[in-house]
Amino acid sequence: MDIALEILSWGLLFVGSAFLVIGGIGVVRLPDVFTRMHGAGIIDTMGVGGVMSGLMIQAGFTIVTIKLALIIGFILYTSPTATHALARAALHGGVRPRGDETPEDESGQGNSSSKT
Amino acid sequence: MMAAVALAVLVTMALAVFRSIKGPTVYDRILAVNAFGTLTVVLISVYGFLSERPEFLDLALVYALINFIGTIAVSKYVEFSHMGRPTGGDELGDI
Amino acid sequence: MLHAISLGLVLFGLWLLLSGFFTALLLSLGIASVVAVVWIAHRMDVIDHEGHPIHLTFRAILYWQWLLKEIVLANIAIARVIMARKMPIHPTVIGVTATQKTELGHVIYGNSITLTPGTVTIEIDKDNLTVHALTTDAAMDLKTGEMDRRVTNVEAHPDTDNPNPNANTGEHS
Amino acid sequence: MGFMAVIGFAVARLRNLFAVVMLTGLFSLTAAVLYVILDAVDVAFTEAAVGAGISTVLMLGTLALTSSEERVEKSGGSKWALVLVVVTGCVLVYGTLDMPPFGDPTAAIHHHVAPYYLEKSGQEIGLPNVVTSVLASYRGYDTLGEVFVIFTAAIGVLLIIGRPQFGRRRSHRMLVGELHESMRTNVILRVGSKLLIPVILLFALYVQWHGDFGPGGGFQAGVIFASGFILYALIFDIDTARTMIPARTTRLFLVFGVLLYTGVGVAGLFLGGNFLDYSVLAANPVSGQHLGILLVEFGVGLTVAAAMISIFFTFAHQEH
């Protein structure tokens, strides 16, 4: 394999793993559920993306590469949808985001409209 | 070197487990389980790559899929039950 | 109908990518599966310009390149925030208005916001998006509306369904 | 393993049943990783699909039917229960002492059937995935039994709580209406799922037909297929999903799957072989085996998918 590709791949793997751990730390350290979502977002984007693309380069052009690409695509596609579903559920479940500066009536509105 | 990547994934998994046990709200747990699922996908991919068996990647794909559906289902359930409870008095009796 | 055919083609491509076996039996099973899935999807009524946005393909690729760069930058910024000893976070909830014309455009915008660490779309109501931002920087970035503009450019005009080729730097307000 | 212990302990300690369900999901994921590392890919596949996905959803359905807090009962029996559990645990550990060490080549299992399966399945059945050969052909009876278990379970669930027309239960109609309302406004989930559902279904069929070559097969495919429908039912509303696949259709498929499996077995009988002997299905025993396995797996897939879908709908109809 090309030495440049090798270096690039290991670099990606390293960066990906680093971001995974940072995201994990974020999930533990950040103060409330909404802020923790940003930590999880790091895992889903940079962490997964880095590690998986590192693996892709390692694999060369085979069916493995294609499947890894599918997995990245799938995670990048589903992650925001799932995060949004969760955020919405939390908002409607009455969790107030910390440091809620602008007065929000979004959740109250959502509840009342659905209660009818 | 691959082992280092796997180790990073495991450490992150441990962090996610910690968060899922600690809570405090159900949403934190859902978030942590979702993250854990994603990490499982990565771990299986790395492992599958190490053992050079591309069929492991199908497994990872299934994980990603199930993880997504599970998260949606759980979020819906939570949202639904919170919103739905107060209105539960409808005894219409049809169906 | 056009969407159904293209969905079928995409699915068959996916089948070939997944399978990697090119025997007659598996290919015919693949075709049968694709037909079955397209039929079910048709019954579910999920095939339309939202469920299968072929009309966006080309500009979506350009947009992805930009989004990828944004994601990387945002990742670095948020990672720095998390690793700082005293996390300089200022969680805020802001409302932004999406200028896209279709719901699909709103969805792309909302998901792009969520995909960029530091901002999460927590509620979407027509063209009003409620966004949770981790830091003031992230909130400011969003407020500039660059992402909004770019998503609007990606979006095809739904009435003509005919992508306008030189709409990559169009001013939109 | 450490994870499993921690999670198991937490499951026992937590009183909030919701949290327990989430942790059970985690437990399944960890177990599946363990299976992968032990090279039992097919098992991991099933664990991923069933343990982490469907069972979580079904448990939530149960929670919706009952209450989400466990009542703490101070009972005097706990000391005896503890003793019992410890004793049982000791007996189990004692039992494992008799088992050969992991990977020991002299272990009994490596001497009787395993080498036979591993060596002969290649020429007798001609499939790369030995697990599928074993499950569907050598152990065809067992798998048939499992299919019947699933069939019976689905029938049982349908009989016990699946008679909405008789129950004076609160109507779900209004709640579903609300759900629909909230979903219609939520474009992100709707558009996201629209694109995804065909892909999921196709992936399920891919798993179904490639069970011969890689991990997968009827069980896993059935579950994935069902999960596609469940996603549809979650995002759009349950009534719409129900009209998409009426109860009659799922029941039909439920029965058809079992009949297909049995039918293949009986066909073998008529063609001069034994029950579930696929070699006689075609001129050439190997392709006969192949055909038989393909059909049988398809039967399994149908039954599993139909069973999962009907169980899910039964639960969903009962919610609140």
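Going in written order, the chains are labelled A, B, C and D, and every chain counts its residues from 1.
The rule is short, and it goes like this: contacts are C-beta pairs under 8 Å (C-beta built on N, C-alpha and C of every residue); 3 or more make two chains touch, one makes a residue touch a chain.
This is a predicted model, so every value here is computed, not measured.
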item	value
Those chains which touch chain C and also touch chain B	A, D
Chain centroid nearest the full-protein CA centroid	B
Euclidean distance of C-alpha centroids - chain A vs chain B, Å	12
Chain centre separation (chain B, chain D; CA means) in Å	18
Rounded Å distance between chain C and chain D, as computed from the means of their C-alpha atoms	32
Of all residues in chain A, the ones touching two or more other chains	23, 25, 37, 63, 67, 70, 78-81, 84-85, 88, 90, 110, 114
Chain B, residues touching no fewer than two other chains	13-14, 26, 30, 58, 61, 65, 67-68, 72, 76, 78-79, 83, 87
Residues of chain D engaged with two or more neighbouring chains	178, 182, 186, 188-189, 192-193, 195-196, 203, 210, 213
Contacting residues of chain D [partner chain C, same complex]	185-188, 190-195, 197-199, 201-203, 205-206, 208-210, 213, 232, 236, 244
Residues of chain A touching chain C in the complex	19, 22-23, 25-26, 29-32, 34-35, 37-39, 41-42, 45-46, 49, 63, 66-67, 70, 76, 79-81, 83-84, 87-88, 90-91, 97-102, 104, 106-107, 110
Residue ranges of chain C in contact with chain A within the complex	14, 17-18, 20, 71-72, 75, 78-79, 82-83, 87, 89-95, 110-112, 114-125, 130, 132, 134
Interfacial residue positions of chain A with respect to chain D in the complex	77-78, 80-81, 84-85, 88, 110, 113-114, 116
Footprint of chain D on chain C - complex, ascending	7, 11, 14-15, 18-19, 21, 26, 29-30, 33-34, 36-38, 40-41, 43-44, 46-48, 50-53, 103-104, 106-107, 110-111, 121, 124-125
